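This report refers to the structure that appears directly beneath it.
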C-alpha cells in the first residue's frame, strides 16, 4: 500500500501516518519528493485498510498495490482448478471444453426434456434451466419454483445430464441444493452477499455470473465470499457488461477470460446467449470464447423459441446447435482442449 | 407496442403476428411502408409481452411504447406522494426538504449518539446508520448486526430521531423492521427481488437506492416489486451510477431527480456522500440536489472520521455540517420547500 | 511516480529501474515489502514517462501521482481566472454568473435576431449560435458556413451581444476567428489536437466542451494543448457524458464543476440543453448548475422550436426563459455571484 | 419512422403531424390505442427528420426504424466488399485474413526496419506505423511527421510492405496520402467530420477506427461521411470501447465484428493491442478475433519495447509473434480464410 501525501502535508502529518502504521506492526518507508512525499507500507493489508488512512490530515490518496482476494487468487494457488459437477463428474477446467445448454426457463416437462435432448445431442454434458427466474418486471413470468426443480430432476433421470440451476433467495438455497448439481448465482445477485455466503455453505459447486456492472476485481471478491465458507468449487461466468452500445443487450467482455485466468485459479465460462441477446450472435461469440481459452460456454436452447416464456429471441434451435457443435469440434482441439463428453 | 418487420417479411409473417395479437383480444394496425411494414398493437401490454413476438419469423424489432410500471407511475397517480416516517411523522415529499444524516456504520453507542446529536443540531429529522453493511470484501467490517440495531434504538430514545437502516438479507427483515422506522435497500440489492418483496411486506416505509448500473426504468420496476406487496411508502434514493470517470467514486446522475419526478409520484432524495465518495464534494452536491428539487438528502456524518470503520473519507465533520445547514436554509425556500423540523 | 514490482522481480530488475531513473537525474527510493517491492521516484515526471518503465522486466504497475497538466493546473495558479469576452468585456469567472444563449444553429437572419433578442431579454450577455455544425449524419443540416457568421455579426451589431460560435475544421479557424468573439470547440473534437492547437493560436478566447467520453483529466489535458500555444483565455464546458442511461441524451456530470474548480483555475460553465436533450430538463439542470457553483450556463433558445433545423426538442421558448431568468435571479446571489449584465 | 403521441394528445395534434408529413409527400398511418395513438410514417427518412416532429405539441417520442446509413449499408450492397491496398494489392475482405503489424510510432530508420522485418516474417502483408501521433498530453512524443513518412517509404522499398499510417489533421492529408498506401483515422478523430471528408477525397483506402465511445451506428455514419466523397475503400477497425472496467485499457467489443458484418458490406479488422493495452492479452484477443470472423488484425510490434516512445507495454516481441503466427495458421482455415501472403 502506498500513501500519497498532498504537497502541503507537514512533518506532523507524516509522523502521524508512520506511527499509526508501526503501531499495528507494519513498516513505513518514507520517500520525500520535490513536490510531495509518499509512504510505502509493508505488512498486513487488512490491518492497514482498517486504519482509514485516507481520512488523515495531509493524505491525498491511498493506492492499494496487492489484490484484495486471497482464496481465489492464483498467487496463492498457481495451478488452475477443475470443478467436477454431478454424479457423472463432468469437469470444468483447463484441459476440457464443457458445453452447458438448456432452456432459459423450465416451462413444461415436454419442453424441458426436448431441450435437454437437443442439448445432449449437440454435445452438452450439463443441463441448464431456470426454475426461479429473477425478472426486472414483477409482471413477467417468475419461474415454476419447486415444480420446475422436479421437472429438472425427472429430465436428469431420463438423460443423465447433471443440472445447473439458479437460486435467487437465501430461503430457497436448501431446496434448490437438494435437486441441483450446481447452483447458479445470477448477475443481479452478484453482490447479494447473504446469498453468496449461503451457496458457499450449501455443499454444491457454484456458477457465479459476473454482475452487469461488476469490475473483474469485484467479481473475484464475490467469489471470495463463497470460498470463505469453505467452498472452492466455483466456476466464474462472463455474461456481458453494461455499456452505451445498443446493438447488443450487453457487451461481452471477452478480455475477461484471459484476465481472470491470470488472476485466479478458478475456471471461467462464457454465456454468449445473455451477453448478445440475439440468436444470430450466439455461435460467433461461442467461437470467440473457445478460441480465447474459455473453459466452457452456457447457452440457451429451446425446441420452439416463439413460445418461450423467457428470452426466446436468443435461444438456439436445432440448426443453430449443429453449427455450434461443428465449431466446437473444430476449435476446441486448437485451444488444447477436448469436449467434455455427455453422460452415456 | 410497435412491431417492426424486416424488409423481407412476407404476408404470411404479417398475418401470423396479427392473428396472434387478435387471438389474445388485442388490436393490430398494419402500416405498409415502401421498404418495410410496421404493426401497431393496441391492448394489454402484459399480454403482448408474453407472446414473445420478437421470436416470430419476419419480426425485426419490438418497440415498447408505454412504461412497464404501474403502481409507482405518475400516469396512474398524478399527485406527488409524501412518505411519513417514524412516530414523529417526519415527512418526505413535495413541500418539504428532509435532511437524513448519521454515521455510515454504527460502531459504538458513543459514536452513534455523538453523530446523531451532530445530525440533529444540523437540522436532520431522521437518523441514518448501518448495522448490517454490504461490503465488497468479506474481510471488511460487516456491521454489528442486532447489537447495532439496539444502539440505534437507544439513540432514537435519547434524540427522538426516527431510524433509517439497511437490511441486506431476507432473513433479517423481521428483526430490522422491529427496530427501524424506515428500511433501506442498498445499491447492491437493487435487483434482489426476494428482498424487495420482503421489505414490501414488512409494514415499514422503504428507502430504495438506485442500482449502480440501473436505468431509471429498472429502478422504478424495482419499486414496483415493493409496491406490489401493498407498500407504497417508498422513497427513491439517487446515489450515483457507474461510469468511466475516475475522479469521483460514482457519477451523481442529478438529472434523475426531475426525470423520476416526471415519471413517478414517489419522492426522490439524493445521497451526495456515496455518489462522490469525497468529503469536499458533499456540500456542493447537496446544493445542486436542493436547487434541482430533490425531496431530501442523506449524508454521512462522523464525530471522528479518521477512526471510522467504513467510508470515513466521505463523512462530514462539524464544520462541514454548519456549511450544509446554511446552504439548506438559503436554498430550500427558493425551491419552494421548508426544512422538515427535527423532533422536539 | 511509484513503480510497483511483481512478486517475482529480482534484484537485477530493481537495480535496472533504479539506474535508469538516476541516469536521467531522478531519485529512486526502494521500499522492500514482504511480498513485493515498490520504488518511489522523485524528479521530473515528463522525463520518467519517457523511460517507459512499465516495459521493464519485473515491473507490474506504474502509478502516476502528480497531475499531468501544468499551465491549466490550480497548483501552479491558485487564483481562479476570469475570461473576458468581446468588446463588451463580458466576464466569465468566479464572481459572476454568465448566461450564454442563442439558437443551436443559425438558420436565417430573422430567426437569429429573434433568438438573440429573447436571449438578451432573459439576461444573456453572450450570444451562442452555430454556423458550422458537426452532425453525426452527413445527410443532416451542416450549417450555413460563412453566411451564418455574417448573420451572427449583423445580430451582434444590432444587439451588442458578443458571439460564441463553433469551429470544426482547422481550415476554418481564421475565418471564424475574424467574426467570432469566442471560439467553441465541440465534444466531437475534444481530442482533435490539431484543432486545439489552431484555436490556441487564434488570439480569441475559447470555450472547450468536454468530450462525451473524456475523463476530467483528459479534458484538462485538451485545455493544456490550447494553453501551450499561449492562450489561457479558456472556459471549460461540461455537457454530459455517455452512460447506459437512456432517459436523457447524455448524463450531466454535475460533480465535474467542483472537481474541475479544485484542479484548475479555469472557469467552468454547464450546458443543460445538450446534456439532457429535453426542454423540460433545461431549467432544473440550470438551477443545479448555479447552486453548485458553475461560472455560467449555455442554453439553446429558438423563437419557434418546431421549425428548428437542429436540436429543436431541447430549445427553450419565451415562457421557459422567464422561468430561467427568475431562477438565476434567486439563486446566483446565494452562490455569491452577480449576473453578468447584458450590453447596453 | 413511428411517432408516439402522449396520452393527452388531441385530434388537432394528430392532424398537425399528418398534414406536415403528407405535405412533404409522405404517408401517415394512424393507430389509435386505448391510452395513446401512434402514427406510422412511410416515405423518405431524411425528409421526415428535417420536420423535427419531436418538437410538435402532443408528440412524446419519435422512433426511427430504418438505419440512417446508406452507402455503407449491407441492405443496399448485400455482397461483402474487399479492399485492396498498395501496389501488392493486399486484400482485406471476406475470404482472407490479413495481418497488419508494425511499430506504434516510427522512431528511427533502424527500429522501423527491424519492426517491419519482424512483422513480415510473422506473416504481415501490411506495415503499420505512426508518423503523426495523437497523444492525450501535449508533452508526449507527437511523432516525426514527414520525416517519419520518409522512413516508412524507405522501409516499404526495402520490404515490399504497403504502408498504413495515421493522419490527424486535414492540413496533412495530402502529404500523408503522397506516401501512404492506406490512411488511418484514429479513435480520437472518429467524429472529426472535416477529416473524414478529406480522407474520403484523398484517393487512398482508409482504415477507420471506432471512436472510444462511438456506438456501432455512429461508427457506420462516420464511414458514410467518407463514402459520400466517393470513396468506398473503407476498412473498419474495432479497437475497444470505454467502460468502467479497469483491468484493461479499453474493453474490446468483440460482438462488433458480427454486428457490423450484418449491417455493412465493409470489412472489419480488430486491434488487440490498443483494446487491451497489455502485451499478454494480444495473442488471446487475436485468437478470438480470428475465430469470430474478423477480416484481419492490426498489432503493435517493436524490436525493443523497453525503449519504445509510445505504447511500449503492449508491443509484441519476437517470441510473441511466433505464437501469433501459429495461432493464425491454425485458426484462419477454420474461419474459412487464407492468410494474405506477404509480398515476395
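A, B, C and D label the chains in the order they appear, each numbered from 1.
Basically, a residue touches a chain if its C-beta (ideal position, glycine included) is under 8 Å from a C-beta of that chain, and two chains touch if they have at least 3 such contacts.
Source: prediction; values computed, not measured.
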Any chance you could name the chains that touch chain A and chain D both?
B, C
Centre-to-centre on C-alpha atoms, which chain is most distant from chain A?
C
Is the number of contacting C-beta pairs greater for A-B or for B-D?
A-B
Chain B-chain C separation of Cα centroids, rounded to whole Å
31
Averaging over Cα atoms per chain, report the distance between chain B and chain D in Å.
39
In whole angstrom, the CA-centroid distance of chain A from chain B equals 27
Residues touching two or more other chains, restricted to chain D: which are they?
213, 242-244
Complex contact set, residues of chain D against chain B
2, 4, 7, 27, 29, 31-36, 38, 40-43, 61, 63, 65-66, 75, 242-244
Using the touch rule from the top, collect the residues of chain A that touch chain D in their complex.
213, 215-217, 241, 243-248, 251-259, 262, 275-276, 280-281, 284-285, 287-293, 330-331, 334-335
In their complex, what parts of chain D are in touch with chain C?
46, 49-50, 52, 54-56, 68, 134-141, 168-172, 188-189, 191-195, 211-213, 218, 221, 224-225, 228, 242, 305-309, 312-313, 315
